[in-house]
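Structures for review follow.
Heads up, the next two complexes both have chain A, just with different partners, chain B and then chain C.
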Partner chain A sequence: MEMMPAEAHDRREGGTQSFKLRLRRYDPESGEAPYWDEHTVELEPHRSVLEAVLQARDRFDGSIGIRCSCRQAICGSCGVRVNGEPALACHTHLDAALSSSGDGVIEIEPMGNMPVLKDLIVDMDAVHWKKVQRVTPWLLAKQPVPEREYIVSKESMVDVTQTMACIQCGACVSDCLAMEVDPGFIGPAALAKAYRFVGDPRDAEQYERLNDLAQDPQGIFDCTHCFKCVEACPKDVNPMGQIMRLRRIATSDHGIVDQNNGQRHEAAFTGLIRDYGLNHEAELLPRSYGGPSWFGKFHPAAGKELLSSLPVIVKGVLRRKVSPKLAIFGHKIPAADLKAVRTIYDKVEGREQRYELNLYIAGEDEQPEPAIVAAPEGESVAESSPEGSNR
Partner chain B sequence: MKVAYWPGCVSRGFTPELHGSMAKVAPLLDIELVELDRACCTGAGVIAEHNQELADTLNARTFALAQQVPGAELMMNICSTCQGAQSECQERLDANAEYRAHVNQTLASEGLNYEWNPTHPLTNKNFLWLLVEEIGLDELRSRVRRPLTNLRVGPFYGCYIVRPRRRLGIDAEHRRDNYLHEVIAALGGTVIDYAGMRKCCGFPIITMNKEASLKQAGRHLGDAVDADADCLVTPCPLCHLNLDLQQPLAEKTVGRRLDMPVLHLPQLVGLALGLEPQELGMGRHVVKPTSVIDWSTSVVAGAAA
Partner chain C sequence: MPAHDVLIIGAGLAGQRAALAAAQNGASVAIMSKVHPVRSHSVAAAGGINAAISVDDDWRSHAYDTVKGSDFLGDQDAIEIMCSEAPQEVMHLEHMGVTFHRNEKGEMDLRAFGGASMKRTAYVADITGQALLHVLYEQLMKHHETVERYEEWFTTSLLKDDAGRCCGVIARDVRSGRMEAFDAKNVILACGGAGQAYKPTTNGLIVTGDGIAMAYRAGAPLMDMEMVQYHPTCLVETGILITEGARGEGAHLLNANGERFMEKSAPNKMELASRDVVSRAEQIEIDEGRGVGPNGAGILLDVTVVPRKRTLEALREIVNLGRDFAGVDITREPIMIRPGQHYIMGGVKTDVDGRTPIEGLYAAGEVACVSVHGGNRLGANSLLDTLIFGRRAGEHAAARAASMGRPKPDSRTRLQEDAERIDAIVARPHEGRRVSEIKAELGETMNEHAAVFRDEAGLTEARETIARLKEEAAKAWIDDRGTVFNQDVLGAIELGFMVDCAEATVLAALERKESRGAQFRTDHPERDDEQWLKHIDVTLDGEDPAHPKVSYSPVTITQWQPEERKY
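On to the complex of A and B.
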């Protein structure tokens, strides 16, 4: 028998290779606790994690549960976690999954934030679809509906196609950190869907939609801005970015003041930077509750909040973490610079319309690769860094 | 190396021990800090949420000021949130010449200009990235005077410095989302993995949904307690606010005693480089880093013996 080279001992005829899978198994109806199950499959490295799970099911255990349909990243059925990260099983190559595994075993689990029906199948109806239905996911057409088609700008349609690219796989829902502690949060997928209609110039109820989502304690202001959904999405929908745009249109365009301090917090923060150039934390909290002025702290809502935070504040002062002088007067940048900052505010906020660069529409300029050369002596803040590490 | 240094607001406000410890640590690593004291807040994502162009213009102003610092090799910050907010603005400014020109037009009244040069792009690095990529782990290791032997340290990264990966230049060659692990190990400490290490501290929603916010902080701290960490370390002062300043309230929310000290990155580095807990402002934390200080005195006593 011919000896195979050591490094290729698991290579097989036809380019296949051994991959070890660790599957999380659970059948809630069995009364048994979840457990891990390991199987070794034989496939080419460019094959998908889905194919590996299906092979394990066909060869070793017909009871393994996974949902799938199109097998080409279009239907959104096979959302799972691969090595702890959300992914479409059909869109994840085995070689990539192997390289991201901690111990050489590809670990496959069901998605998070949703109850498990069986093994890798979660209850999308109980969480994801219920939340999508919450945002009125259809067009409420402006009246009168034209006899033929609506005429809208190309740009506005390109804009909403980003959220239309969503395949409802639930990867973002699975990883949402706000939902992890607050299951009632409407969440990234449904709010991205909400933008689909808020951003549609044919929709008649932009204000009503935004007011509804802003006033809901588990609406747009419940997002923690953690970028998890941005990273999870296999289709570049950028759900968190859409949520920020919902906030921007609600507060800046419609002046909606919500009951969750969302608008007040934003106004307080933006106002404080205008006034001081730097954040003034001691003012930010009371203004976020009581309103965006120095008098905000005397509002009953601010008083209640300050009272509940008093033990924390006292401890901070006692530990010299916060000096009373700083807490009262804050810190400022030099007067000339503060003036320059205010000039920027006046100019930008004085525009009739907000000017917003959307890279999804505009795309990136074609740029030459940064050259890998040493910065000349005395050159300021420019550096030779490998591509991708320059931010 | 000389850097244009952006300390951020909170490091000079509610976490003054961060700015102070960075100033103490810098000379030990031959970093010359030229403070960008004319620059304003990055907006922490909130100004961008209000008006994207406003955030981009304010940060372009900071970049322009950094580019004026003679001889500075790069721009450095000590706040994950600043890094994330600035990287987001820089992404838009660098991607589109027309937009950059538009923003620069606003800056022109002050005589400032954010220059984009493809061969010398503006480099902006958190202290954590600078430690690994500019100073290097071997060099850092060689400067350690008091290795963190037997100190069990849990890393807490903060969202803005680990996501989104592409914008932050994280890939297989640049494992920036693993650098805290590498730095703790280089300083001689034991890295403690726990579920919440790359999750959200909850700070951004503290005024909107206080319970959810404190539940996040409490849960991650609890995970670290269960993993037997002696302390956490974070490169983000906003995370520090929720994890340390608010820890007594987080304890009430999750219904368990936590008592988990949280150190700023320069404090942990400073301890290993031989500085004393007091000069690193460790007495200023709400949760007293007693376990860490006990450890440092016993190490010193051990070394003397």
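On to the complex of A and C.
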């Protein structure tokens, strides 16, 4: 049904339309498998999916289970999947949900990666909160504690406010691909929480926190960079971006070399692109283990890894995903392009201070001049605060 | 059976602060909440927290502003305590890790807020409540060995022993449906207000007056219940709150003629007069036909006069709210708002240590009435109230616990009764009305008759409607027959709580035949200090529950005599 302009003008008087909902239901007491339940509600198209679920609950079936409270995307209760994508139900408009639905029915399911307790309610304690507790989620304040507030830069506080803005809704956890493969991965929400302390100049244990998260095989280097959490987050916390910042501070500022080979792997990547302009897959593995030197190729761990990867490599060659020539000699790009790549490297690495993008300051992506803040200082850089300790 | 020295009901700011304070003072502590603590409605407080921390400020100035804001109904001894302890409390929070916004010198920055004579509101962008709540929860996780947490446990009633002392609660594990009696030397109610008795409201769906109603049923007096705050800037359609911080940063209010109408009622403070004053001024514009939008029911809030970069940095949340819930880019165009139910100044009567007249029962935060807000709360004083009196209640309860033996209530009988009561709700036949219908009628009734402007006729009608709804609520039917996350049955219990709160509000509003603070009686438009400079207490008489008792208690005045209120 098209909304008439007159109705659009006076939303309160009319402009409602029918929306079909398909809810994933599960009653743990029934002994039966989850099933689909359909309801039709009447609402204006700019109303939320949560309002639709609540209307179905109020009018047709009071037993529909969903956690919710604030209706304004701040309490973080109503994380669900709408048409297969994680979202806050209160933060998803019906018209948008309708257009992303496959068959004109808005499909609402519980979040993923967490056990379902009933209908749309998942067990966040078993997964999300357990992971949050893993990252020592409280400030380990620098001593001595000042009489008044800690004197810290304005930028540093606004910077950690971006992660402070996380409402613990679980949307990022729901669709974390790395967690799907490795349920032990600390995950996007908890690592964003970790940044909230690592980036806080009042915290005394930046190095210890980072070393802990870098050495953990399920820590910061377990993220596969898939951007799912960035898309899922309703509060622009940018969890993956925070994980990458944790990596940069761990490796560049503290020189932490982790047992998971994460630091060397990243160094190999950036090194290869500087050298070739594009990734050179055959070199990546040896360099990740043995470093950029020619002899590094013969690092025993690299050989072992190479051996175990052989079937994949052979398959790749057989299916013509890789040509033997390309695999051995790598990509070649025009000399001018390669020079341009290296100019970028020189410029970025030549800066005295690393720049980090902070959405919380910059506002929307399309802002003409995104604000840029300097990277928070590593603990090796002395704080200018008078009571700053030596730690 | 679980037993604790101090059992806290509600895990918002007041509850969590009480739990930490009680644990620090050596008590065995448990905190119970019907939702996960970070879902508590404190999370939605946006603008900030008041404290005279600036070197140019003095807590007495903060106290005077609060007294004046309360329209002289606030108890000045309690206000003095709150305002004088505020700077230390805010520093404590900063040390715990709250990421307060800084100025160029790296000190805490302060923003302007309504009714304040200078900038004294510390803030974290416009997510101050969220930042505070999450940082306190960090501390609860840190102190998990000394503070036990019962998350997603719904309290159904308070336990009293033969001597009339409160000594525990009955609660239901929302996850499993299991009922349990909890013994406690002291119970601290910290479970918030009753905004859901209104429709629309800025309050979350969980804010259903549970603590107020449970205390009321246990015989505790409710004070200042007629004082219901309408926040001046709520989205017209959904009632979602736009923080006062917007006006603190300089935003204007405009009527349909583009006039800054606050000139008329508050020529000095303009948009930053106290909330009751601004809401009334808006309502007058709307009622006299100078509103905007559908039915002329809105007012324009113009944030475009605030520098765009400042808006994106310090008011980011409302930029998002405007975009997502009203389709408006507030940095480019004005947004339509109106007054909406936001806060109840009244609640369970307590002293400055959170003690209610029932021994062993404490209350802190919105559930309580100390009274520091009197007839009207100043913006950014509610977070302060929760923390100061949450802490004081926790400390006092811990000290009391140390000097007493374990009480022996007959909890088994009560447990049985509550379990049967819930079973009976589940088993109700599908006759009469659904819970959701009754709730909607209750909310609409309150919003019509117990709102910004009130009169005898409307309030009387509301009282009759509520009496009918009370009967209907006692028979309302539900669908869910299960035990795991049976939110339906909890909704029926909550409806009963809300009806009780509404009853007390309407009764007190009828009683107060004057206009003071948030109570404006069109049939008694003047403030009348001679007759009404006193609190109204509503108490449920066990003998005759159909007729709650109304009585009065004096207002404590220390250094500020009532005077005419001008902004």
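Note that in this section the second predicted complex is superposed on the first by the 284 of 391 C-alpha atoms of A that agree within 3 Å, B and C clash if a C-alpha of one lies under 4 Å from a C-alpha of the other, contacts with A are read in each partner's own complex, and residues count from 1 in each chain.
Just so we're on the same page, a contact is a pair of C-beta atoms (placed from the backbone, for glycine too) under 8 Å apart; a residue touches a chain by one contact, two chains touch by 3 or more.
Because the structure is a prediction, the values reported are computed rather than measured.
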For A:K347, using the defined touch cut-off, is the partner it touches chain B, chain C, both, or neither? Pick first, second, both or neither. first
Kindly classify A:Q133 by the partners it touches after superposition: chain B alone (first), chain C alone (second), both, or neither? second
Should A:D58 be classified as contacting the first partner (chain B), the second (chain C), both, or neither? second
Contacts for A:G76 in the overlay, against chain B (first) and chain C (second): which applies, first, second, both or neither? second
Per residue count on chain A, the busier partner among chain B and chain C is B
Touch test for A:W36: chain B only (first), chain C only (second), both, or neither? neither
Per the contact definition in the header, classify A:I167: touching chain B only (first), chain C only (second), both, or neither. second
Look at A:D200 in the shared chain and tell me whether it touches chain B only, chain C only, both, or neither; answer first, second, both or neither. second
Mind working out whether A:H280 is in touch with chain B, chain C, both or neither, as first, second, both or neither? first
Footprint intersection on chain A (chain B / chain C) at 362, 367, 371, 385
Within the complex, chain B is touched by chain A residues 99, 177-178, 180-182, 185, 217-218, 221-228, 230-231, 244, 247-248, 251-252, 260-262, 264-267, 269-270, 273, 277-282, 284-285, 288-289, 309, 311-312, 315-316, 319-323, 326, 330-331, 333-334, 337, 340-341, 343-345, 347-349, 351, 354-357, 359, 362, 364-365, 367-371, 373, 375, 377-386, 388-391
Help me check something: in the complex, which residues belonging to chain A touch chain C? 9-13, 27-29, 46, 57-59, 61-63, 65, 67-77, 91, 93, 117-119, 121, 124-125, 132-133, 137-139, 141, 145, 147-154, 157-158, 160-161, 164-165, 167-168, 196-197, 200, 202, 360-363, 367, 371, 385
Under the touch definition given earlier, write down the residues of chain B that touch chain A in their complex. 4, 9-10, 12-17, 37-41, 43-54, 56-58, 61, 66-75, 84, 87, 90-92, 94-97, 99, 102, 106-107, 109-110, 117-124, 129, 133, 159-160, 163-165, 167-169, 171-174, 176, 199-200, 202, 204-205, 207-209, 211-213, 215-216, 219, 241, 245-246, 248-249, 283-286
Residue numbers of chain C touching chain A in their complex, please. 35-36, 38-41, 43-44, 53, 91, 94-97, 99-109, 124-125, 127, 130-131, 134-135, 138-139, 141-142, 151, 175, 204-207, 236-238, 240-241, 294-295, 297, 309, 312-313, 316-317, 319-321, 324-325, 327, 434-436, 478-488, 491
